[in-house]
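Common to both upcoming complexes is chain A, partnered first by chain B, then by chain C.
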Partner chain A sequence: MDKWVEACSVDDIEEEDLVRFDHDGRTYAIYRSPENEYFATDGLCTHEQVHLEDGLVMEDVIECPKHNGRFNYKTGQALGAPACVNLKTYPVKVEGSAVYIDVG
Partner chain B sequence: MNDMQLGVKRDYGMLGPSARRAVELGLASAGWYHTEVPRKTMKDLMKRTDVPAIRDTALWLGAMVLLAGAAVWLWPSWWSAPFFLAYGVLYGSASDSRWHECGHGTAFKTRWLNDVVYQIASFMMMRNPVTWRWSHTRHHTDTIIVGRDPEIVFMKPIELFRIFLNFFGILDAWHGMKSMVINACGVLDEDEKEFVPEMEQHKVVRIARIWLAIYIATIALAIATRSILPLMLVGLPRLYGAWHHVMTGLLQHGGLADNVTDHRLNSRTVYMNPISRFIYWNMNYHVEHHMFPMVPYHALPRLHKVIKDDLPEPNPSIWAAYKEMWPAVKRQLRDEEYFLKRELPPTAKPYRSEFHDLEALPMAAQ
Partner chain C sequence: MAGVVIVGAGECGVSAAFALRERGYTGSVTLISEEPHLPYERPPLSKASKPTQKLIRSQVEYKRAAIELCLGVRIEALDLSRHILVACDGSSWTYERLLLATGARARLFPGTEGAATLRTFDDACCIFQRLYPGTKLVIIGGGFIGLELAAAARAMDVRVTVIEAAPRLMARAVPAEIAAVVEQRHRAGGVDLRLGTQVTSMMAGGVSTADGSTVQADIVVAGTGAAPNTDLAERAGLALDNGIRVDNRFRTSASDVFAAGDCCSIPHQGGRLRLESWRMAQEQGIHAAASMMGEVDDFSTVPWFWSDQYDLGLQVAGVVASHGITTMRRLSEDAILAFQRDVVGRLICAAGVGPGNRVAKDIRLAEMLIARGTHLSSDQLSDPEVNLKSLLKAA
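Presenting the complex of A and B:
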């Protein structure tokens, strides 16, 4: 079932960057791509549960700040060791200046 | 908190009592102290580029080809010795830092360049690229946590003779070759199984078999030509060129604390000459590297400038660092609990003490 929640404002995220969003005991990462599109994944790296908020966004890739595990944040795909398990992704929409994610 | 306070000796195996205790105490996969750096600054420092690493790799491999060419040309005259010695350092020491940086995936922006150089450097260092990627991952998660970090050099009780042998790569090469043969037979030891995920273990075996084939071919060539020359170029430089990476590597954590969660307490930054920094790829900025492993080697001097007010004063040279470390290591020979606690500048935040109340350990800290 869809459950859209407002995560942040479009201006809260710089281009090619991410922010952390916590909701209902879970933590998420919201991304703004170089093409000015928004995406969302689980906030914790699947390798050792380090938060991705301090990571580096490079084009389609988020790199974990602890062990450099890499994921495609658009698809959640893990791109090689030490990241071996994909990230869960969430649908995102922008309405006005607000970014919503579907946590349902 | 440390092992001796609990009345037990340190056990450096990945499955022993120290490993279990580290998990119980919350030292495993703990949150570590980080200096605050504005996000904009950190993004700029983390930025990837191919240019410095392509330049440095061309210099490194180009110099190796020229030195090897000169050495072979002069062989078997003793005039070939200095060329071999220089070639050996690029093979048996510079490869260590290339293995390290490319393992992190930060040296180049282009992923396949990181991967190619990582494979070449791993071969020269006799480190299985899969096993060692995972062991180094653990080193960053649990830096110098006894029973968790598989890369601790100064294991207590410290055996100085073993460390001395490694200046000539003897033990490292022996273990590397032994693991290669065992892995090539399709077997991983218990520690390897602990930190290499099951889905990656077949890669360990595949690489070991390829390497074994290369070494067998090299030895066969040496036998066929009745000359040690092929082995002087492949394999033996891991021994006669290891001294520089051991000299710089011992300084990374030697004499400092174990079982702490603040890299300022267990890692050391040392200012070094430009040649050593080229060979070592700026890993002399070791506190900075551990705090922020996403910052590429070429940006570490800039990171150092940003955070140095929160770190202990770096040692001004390799010599000065050894002058500081050696008495501490000597004292650790008779007092395993002793460690160097270096003074922080007044601008720094205090050392982190959640797991290790340093003020309560006046006998242990200097």
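Presenting the complex of A and C:
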């Protein structure tokens, strides 16, 4: 079932960067791509449960700040060891200046 | 079919085995480990109060990749001319290509031979099962393993003394400014830090130091560096040079024999470099696998490592120069970066310390700037308003 929640404002995220969003006991990462589109994934790296919020975004890739696990944040795909399990992604929509993600 | 045999199943050997398959190698792959456990990650061992075995890969992944794991096997002899490895129990393997990924072992200085060391899961179990609130722990050596253990032990209310021969902590690996932050944190955390003196002998219940004092101890752990495991290579007649000597493609002095990870030294800026780092072990293993399959690229990955102590995260990219020009950048009250450039202004090293992963993004960007040999001014490096990503894109 859809469950859209407001995660942040469009200006809260720099271009080619991410912010952390916590909701209902879960943590998410919200991304703004170089093309100015918004994406969302689980907040924790699948390798060692480190939060991705301090990670580096380069083009389509988020890199875990701790052990360099890399994921395509648009698809969630893990891009090689030590990250072997994909990141869960969430639908995103922008309405006005607000970014919503579907946590349903 | 003889295929590839890998001796040593740490981060390097395991990475190499899977990299062979990922690159389409179809011959047999045999991974031999002296330890009885499924290959596990070593970095967590010095960072948590309860040792856990975080497996590098699950058992089923080895099966799926058709990697034959031989656990609890110590290789005694290597016959280079016949391409044969022989184990203690007499079993043997022939190889078409051999990768030595034998790692390193703890080094002990005279007078400290009775100290415990921390390299393996079993070592960690031995140490942590003896730590309780109030236990007196003496750690010899203020390097990464010793300091991580100190932080983990303080979290258990253990009484910790760290004795370091150099006048400051982590002298080999990080700039002084970064070490000073870590030193302050340990002192605030209740560690009795004794710098500039060394342990001369151990006796029942304590240690003696060069400055004439004695320190009580229920347990003594030495974190005084590591020596490469080169015995097998040496007996076989391979060239050594602070580890097994390899070229930029991890080829040893013998044909069809490669070495990678902590056990080898690679060419670096006219000299040789032996690294002891989790990610370098992985990267070298992957590169050695490619090299065994005939790929000809030279290894040029910038060294990178991290340490966690208390709430602090420390990261370093590049190799610290003992006499480099250092430029500092303050990211916030509690997070700083230190950059080093060479004489012509190219970035060669970046180190940072801060809470959690605060410095990670900048160190990763610095690593890419180092890899590109980017020239940077001290103004660019010191100003926190100058975005390293924009410097990288402009480079």
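The working rule: the second predicted complex is superposed on the first by the 104 of 104 C-alpha atoms of A that agree within 3 Å, B and C clash if a C-alpha of one lies under 4 Å from a C-alpha of the other, contacts with A are read in each partner's own complex, and residues count from 1 in each chain.
The definition used in the following text is that contacts are C-beta pairs under 8 Å (C-beta built on N, C-alpha and C of every residue); 3 or more make two chains touch, one makes a residue touch a chain.
Just so you know, these numbers come straight off a predicted model, no measurement behind them.
Superposition of the two structures on chain A leads chain B and chain C into a clash. In the superposition on chain A, A:56 contacts both chain B and chain C.
By the touch criterion defined above, A:81 lies against chain B and chain C together after alignment on the C-alpha atoms of chain A. Contact with both chain B and chain C is seen for A:68 once the two complexes are overlaid on the shared chain.
After superposing the two complexes on chain A, the stretch of chain B that clashes with chain C is 95-103, out of 77-85, 95-103 or 221-229. Applying the stated touch rule to the two superposed structures, the overlap between the chain B and chain C interfaces on chain A comprises residues 48, 54-56, 63, 65-68, 81-82, 84.
Remark: chain A residues 17, 47-49, 54-56, 58, 63, 65-68, 70, 79-82, 84 touch chain B in the complex.
For chain B in complex with chain A, the touching residues are 29, 39, 42-43, 46-48, 104-106, 109, 111, 130, 133-134, 137, 140-141, 197, 199-200, 292-294. Chain A meets chain C in the complex at residues 16, 48, 50-51, 53-56, 63, 65-68, 81-82, 84. Those residues of chain C that touch chain A in the shared complex are 15, 18, 54, 57, 278-279, 282, 304, 306, 313, 356-358, 360-361, 364-365, 389.
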